[in-house]
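When the chains are written out, they are named A, B, C and D in that same order, and each has its own residue count from 1.
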Amino acid sequence: MDKVYQKIEDAIADVNDGATVAVAGFFACGVPRLLLKALINKGTKNLTLACGCGPMLGAADELKQLVKNKQLKKVIDSYGLYRSATKGREDSFEQAVRDGEIELEVYPMGTLAEKYRAAAAGVPAVYLPTGVGSIIEHSTITNISGKSIPKETRVFNGRTYILEYALKPDFAFIHAHTGDREGNLKYSKTARNFNPVMAAAAKVTIAEVENLVELGIIDSDSVHTPGIYIKRIVPVPRIDFRVSID
Amino acid sequence: MANSVKLEGIPREMIALRVSKEIQDGDYVNLGIGIPTLVSNWIEGRDIILQSEIGMLKTGPLAYDADVNQDLINASCQPVVELPGTVYFDILESFTMIRGGRMSMVVMGALQVNDKGDYAGWANPSRGLDVGNIGGSMDLCVGANKLFLAMEHVAVDGKLKIVKHLTFPPTTAGRVNKIFTDLAVIEVTPKGLLLKEVAPGLTAADVQSVTEPKLIISPELKEIEF
Amino acid sequence: MANSVKLEGIPREMIALRVSKEIQDGDYVNLGIGIPTLVSNWIEGRDIILQSEIGMLKTGPLAYDADVNQDLINASCQPVVELPGTVYFDILESFTMIRGGRMSMVVMGALQVNDKGDYAGWANPSRGLDVGNIGGSMDLCVGANKLFLAMEHVAVDGKLKIVKHLTFPPTTAGRVNKIFTDLAVIEVTPKGLLLKEVAPGLTAADVQSVTEPKLIISPELKEIEF
Amino acid sequence: MDKVYQKIEDAIADVNDGATVAVAGFFACGVPRLLLKALINKGTKNLTLACGCGPMLGAADELKQLVKNKQLKKVIDSYGLYRSATKGREDSFEQAVRDGEIELEVYPMGTLAEKYRAAAAGVPAVYLPTGVGSIIEHSTITNISGKSIPKETRVFNGRTYILEYALKPDFAFIHAHTGDREGNLKYSKTARNFNPVMAAAAKVTIAEVENLVELGIIDSDSVHTPGIYIKRIVPVPRIDFRVSID
């Protein structure tokens, strides 16, 4: 099955208003920036971006544009704001969060990873130890009052755990170093991060790849994401960027 | 409660050096942002493996110039280099090893800590937001075999950070084992905070004066040793 | 209920051929032990990817002689070969894709099936054991987008296999979509079993005579087409 | 940290009577047969073997010996018996199961994988769809009457799920193709199977490796099991065997 799309706009043609889109990447690393740019060009509104650890801080230009275009309804992340409060106050995304124009829902990073993993693996819910003794033991964290959802806890062997639910995105945007036409992917170094778990979690996964290679070139023992999870694959140029956030 | 006398302690680099003495050869260690990151400067060449929650074991030193690779950063988004035996993995594997109890030691910064080993670090209410950046901090706390804090003893604005009751949102409850500051080394025990070491030139009373909970003074109280 | 007249149906290979016609190009398929395994003989060269729950996508044909590698078997413990684009992964990834709904189609053998789409396959009580071999069968059933059975219509001992009530321990409940036997092709519908195709030379009444639940006869009833 | 043991008996010296030992492998493939042989030589009694899919059918000689020596208390597996009833009746392990001398506890394969994964990931329990409508919805399956444990179910979004608990072995025996002295491992083809998840699950994981290589030889992007999970590593010769079971 040849899953290659030559035009990135064709690959995201069905990402419609109101969709939940998982955006892989960890800060500046492994972020599908060209798919994000295509989403900006398409102008899709009312989007929920389901992130892992600050990919939109890494893709700050794209985030600014999405905010400016009023394309975002909600962002789910573990680290979605600038670390520096000063930088944050100047940031248009943080301003929209302060104003309640965009919802920001926050989870511990490992819990977010488990929520995507649960969706991938047909698991509706899982008990996790993370966050017991913090406010997330009692409810979800969000900037919009009234949107917070109570949490359920349970004691196993004398220790308290929180019940966390699967998070299944409509789409996942993935960035890979190498891919073949059947969608088998390999990532480079720490650019792997959230890419595999989001690729497996979403209903429709779209991968941008820096190197499209012939079938059989990727060593069968070293594929990171088997093609079964990938619906569409788009060759993209490598773009260089500054690797730091504030 | 603010304190008017500014005590002279050891610099941040020396807090990091003191923490590094706690690490055994063969340990797997995760270092948080801030003073904890400086610990890595003191363990180069030792048989200690740094885990970076982005998905890396045997994280090398910071990369500069031609060594910078945009596909290779640590969990603080700094470019780093790899070492012989470096391993990359995805975020699930990363937090499997973190929550699964494979970290010998985790060192975090903190805004506040109390005498029960609860600490606050993920959100500063002064920012005026109901949300904040959690990152991997809560996961690292629940999974660590030893959880250490490395921090300034008193905040820049003079407010005490070692307090009776947290006023900032907690990151974890009852998991902190030791606190390393510019003024002291304090162990969290079931009976309360045990003062074990003080910075050169300071007395136990000096440290108590900037510490809200009553300190238990170790019979072997000594100067911080490096 | 046993039947005295032995009806002449199509051979096992032809059941497998009939099943293979249901598979679309681009499908990801897992084939169980028995008649389902034979389906692989009919799809060679087609753009269909076989998953093996041991941890392999694009499983190739059986290996013989010098091609046998003890590190490369399918889920039935038969040596196989790889194809361009074969991928290996661990058991967690394998069952993530299985339970996660990535199999377009799963084809299983069965000991009994009823008109609600429940089937029994993992344990034959005649063995006289309270335990049995489940393997991946239950996982494959819950995850399959389409669950097909490929089986003999009647057991060797003459006992009916398409029954009103399972007497053998069920593998799954209400998940079977179609049943392919030596005598017929039957669809499981909310109203009951819909007889769609019969083996050459047989009538609907013949098939009903060896089928316990009342069959709904399709208005387009036809001979099995290959 | 050099984790290499030259003598296999030293690597398993603390596997004591009553231990639960995870045995990786899928039928004949990827089974740690030399570690099993060492366990036979050591004579440890009262063992629970926590398997995935019939590794002891693949290592039938070792199983026979363990049964003969009366070293086994219990086996946990998804496929622990010969497929052929005739073969099974001649098998000394199946006879011991019939006689109630050895307990055999059976789970679906994917559920077993999740139970090990939960132990690895600090998860006490997880909801799974597998087995709803079968007897495992109501209790665990075992040959010993009175040992069966009731199951708990819960409905999420109109569908029933079973609560399954983590299974944390005391030890895991792992077979890898390649390893280095810090315990980083790579497996060959379908010999990977249960090895990575068991390696991550156990309190103490011991790996036999066919090829012990220098640090840095295994590509950093292609390590299957990071060394952090491995306590001890033993170089072993490759042993050839017939790849079929009955």
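In this section, a residue touches a chain if its C-beta (ideal position, glycine included) is under 8 Å from a C-beta of that chain, and two chains touch if they have at least 3 such contacts.
Source: prediction; values computed, not measured.
In terms of the stated touch criterion, the partners common to chain C and chain D are A, listed by label. Distance from chain C peaks, on a Cα-centroid basis, for B. If you average the Cα atoms of chain A and of chain C, the two centres end up 38 Å apart. Remark: chain B and chain C have CA centroids separated by 57 Å (rounded to whole angstrom).
Looking at chain C, residues 82, 88-89, 95, 99, 142 sit in touch with two or more other chains. Annotation for chain D: residues touching 2 or more other chains are 114, 117, 121-123, 128-129, 188-189, 192, 220-221, 224.
Taken as a graph of touching chains, this assembly fits none of the simple shapes: it is neither a line, a ring, a star nor a complete graph. Inter-chain contacts occur between A-B, A-C, A-D, B-D, C-D. The touching residues of chain D, counted against chain B in their complex, run 1, 117, 119-123, 180, 182, 184, 200, 215-216, 220-221, 223, 226-229. By the touch rule above, chain A contacts chain B in their complex via residues 26-30, 52-54, 58, 78-81, 83, 85, 88, 94, 97-98, 104-111, 113-114, 117, 128-136, 141-143, 145, 177, 188-197, 224, 240-241, 243-245. Here chain D touches chain A in the complex through residues 114, 121-129, 156-157, 159, 161, 186-189, 192, 219-222, 224, going by the rule given at the top.
Residues of chain B that touch chain A in their complex: 33, 52-56, 68-75, 77-79, 82, 88-92, 94-95, 98-99, 118, 122, 124, 126-139, 142, 169-174. The touching residues of chain B, counted against chain D in their complex, run 25-26, 28, 47, 49, 51, 57, 82, 84-89, 93, 95-97, 99-102, 142-143.
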